[in-house]
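Chain IDs A, B, C and D follow the sequence of writing; residue 1 opens each chain.
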């Protein structure tokens, strides 16, 4: 029997496979297809303080080996998430959750983190710093070490749960940003969020996406994700949740060898709703093929 | 929703660039006309959503227009080829809405799901009126099929090459109806909305998942945010914000 | 008849399709397959002052919708290029060439540019600023506006031919770098070079590439390339040569609508040696379908 | 080099995980044993290089081992399936090198191109000696084919399950030869190099283009940089830097 367990900041997961925020809603649609309790954890849809409709349609563009989305953090807002979505998800999934939070100001991050801190179901708070700082030129918090560190400190101050900072890949030097977060007290790093991309509808001569640009993800971004996980794993000593294009058990193993302790699966859930289930089922078999007895042994094994 | 492997039973061109294809497999979950299926195509990352034209427990028939690379690939499929399909998706039309004089209004490639609806209505004892609009004669489809149901569809063409010259709304002006079921391009839906006392409107959107997980297709309604793929594609007149 | 002509800094190309540097050698292998004179231009393999063997093998890793290369600027060096390769290429191709040059110091860039300035065959000098600055921490020249501008000025000082700076996409803010190059006198911008990526051989538990990381290109990077071309086109007023994942006539049109005046085709040549020929043949037909009479009309048409 | 569409004529498993496949099409350009073809597979960005085992103007036969996702997909191809193939690639073996006692040394999946070479040598009037090494009995291929050429191949297996226990070099020690043609994993090539008075060595490398354009496969030789795909895959002993 292959041992699939991995541990993130003291929380042991039955396996490293976690649906990525924004690609699994609150689990409802998938619970109709399989028992959610097979999952290592679930990172649910990013929560903001207030309800958000998100961006205008169209919000989706197809790409070679991936897609662009500009959902724009649509979510029912902090209160509704805590009062309605989490209790409902609690009936479908019985292990610690990852609460993905977002904000357009340090205050908003703090409000979301403080509320999630009180939710017994939440095991880890995952802080999406790819949102634009609306009070400061609109640059994303995650593109500068200083602002990423600031948000880390803000969130750490209001919660005792482990805090994972989820980094944007659209940067020159991912390592300096990850290190700044580690120094500011982050318990872990999640990466990567989507690459900024764009498609044009050449018939209509307009961007496909109403908002012009959006977040590009799927298998296409996997080599960039592996590279960044590898770089960050070699620079920090806190655990990493790796993601970006993961679609198979082999991809999970590649991410872990690059340095990830756990792995999130995003876009793959959308085109194959059974993606996480199939990956979890295939992991033991692929591990055996590769001579892996304990999955945790391969974390960062590639130097 | 299930993931099914469906096998092409037959496929043929109805009009230049418009294909009808029957896919065999377990279709027992389909519960209402107006639902759709989401088809994976080799070499394309996203599935292609196509409405159900007609169905039974063991097959589903679709009618689609080649508008891009994906539908082109679909049109090239041959008997015996198989597709990975998510189905059924969406809410579908609700026939139970009491109406004495229902009208079905279809535009172009929006006509097929209305045929399934008409069939269900006829089976349930109501013979609806049908208006269908096309750009030109070369795009007209399903006239005979509606006739076989005992319905003489009113046809409009934008270029006047067949039926009434003009849009579906030009035909609607001469008809009496108290409820409208409609599917077609959004400008048509909007125009129909203005003439419909009440009714159900089938929408389209670019979709990633097609089953409600990604919020890629959400629109605002009077009753809150709705996902066109899951809470739709049929929206009710009263909830539409126009 | 669709008019496919486009003009780069006064040089009119019969069509916008140009094989990208490093994916076409000096044309020899392709000249056996088709008449090179059908091409808009050719950006030949990057030249450095001295001959370079490049990086150790393996240098190639497959990716979903693309590949990683770490060829490492293998080339016979400036003298051999000018004395042997260019005369040979001159027999196969009779229009102005794009001379792609690289360097590990400003001096090296200057030496390469000065030599290319003297080559009658060379129409445009394309300066690859993705090389690491070996005298200054190893960071690529192209990742900072200042160093990219410095190289631009260095090259401009030694040549009267149009100078195009070829930018790296591995940056937080491509626009600021492009603008710095424009201000420093660049005649145009080429983008994008490869994304930094990595793959791991999970059987051997080692990076696939001997150098660990390498340059990721192919259809997978197309949405990132379109986005950057669009962003830069809206910020500068010099022409842009767009590239990154272009594999079809439709891709060429999408790049041009995003803002590119001409388009380079890289990885596609490697998996389909007829890629450029097929694209050029299909362009008129696709233009007609889209109602384009003059290809130059669509440059940057998407706002 | 041409791009050809080749059609699978037949394919079967020779040993567990090792397949022989004949592809029909215009193969008239193949000029020497030791050349290879580069096969495009649906869903994979790079082509897969596979050596030519035997050929004629109208077909080419390959033997390959399933080692990853691409060769797995290739093994699943059925009669009638077609592949986009670049061919022929590489220099191939040069038979004209005068040698009175040539020896062919193959390791595992490196054996097949040596069969083509042996066939050509026999046709040209020289019967070479052949040594072939495998990990175990279950991997041995082509013994009968060499016998049909009138050659009794010396077999070695690492686990001793057949033939001589050990490596090809253990068998080479007992043989007389003045020229070696060899193909197999690099550690084997290196060991053979040390025992070979002179000879030709077939190399492998991860390739992007396979036809000399990208410099993805270049190695340093005594006579300068060589692209394994274009200037090789066969290198001569005198130029190899070991």
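We take it that a contact is a pair of C-beta atoms (placed from the backbone, for glycine too) under 8 Å apart; a residue touches a chain by one contact, two chains touch by 3 or more.
The structure displayed is predicted, hence computed values, not measured ones.
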item	value
Shortest walk length in steps over touching chains, chain A through to chain D	2
Distance from chain B to chain A - Cα centre to Cα centre, in angstrom	36
Whole-Å separation of chain centres (CA-atom averages), chain B against chain D	56
Centroid spacing, where centroids are CA-atom means, of chain B and chain C in whole angstrom	46
Whole-Å gap between the CA centroids of chain A and chain C	34
Residue list for chain B, restricted to those that touch at least two other chains	none
Contacts with two or more other chains, residues of chain C listed in rising order	61, 63-66, 219
Chain-level touch network, classified as line, ring, star, complete or other	ring
Contacting chain pairs - touch in the sense defined above	A-B, A-C, B-D, C-D
Chain A-facing residues of chain C, complex	61, 63-66, 68, 143, 170-172, 195-200, 202-203, 205-207, 212-213, 216, 219-224, 226-227, 230, 245, 250, 253-254, 257-258, 290, 298, 301-302
Touch list for chain B against partner chain A, complex	1, 3, 40, 44-47, 86, 205-209, 211-220, 225, 230
Contact set on chain A toward chain B in their complex	22-25, 28-30, 32-33, 45, 53-54, 57-67, 69, 71, 74, 208, 218-219, 267, 269-274
Residue ranges of chain D touching chain B (in the complex, touch as defined)	42-43
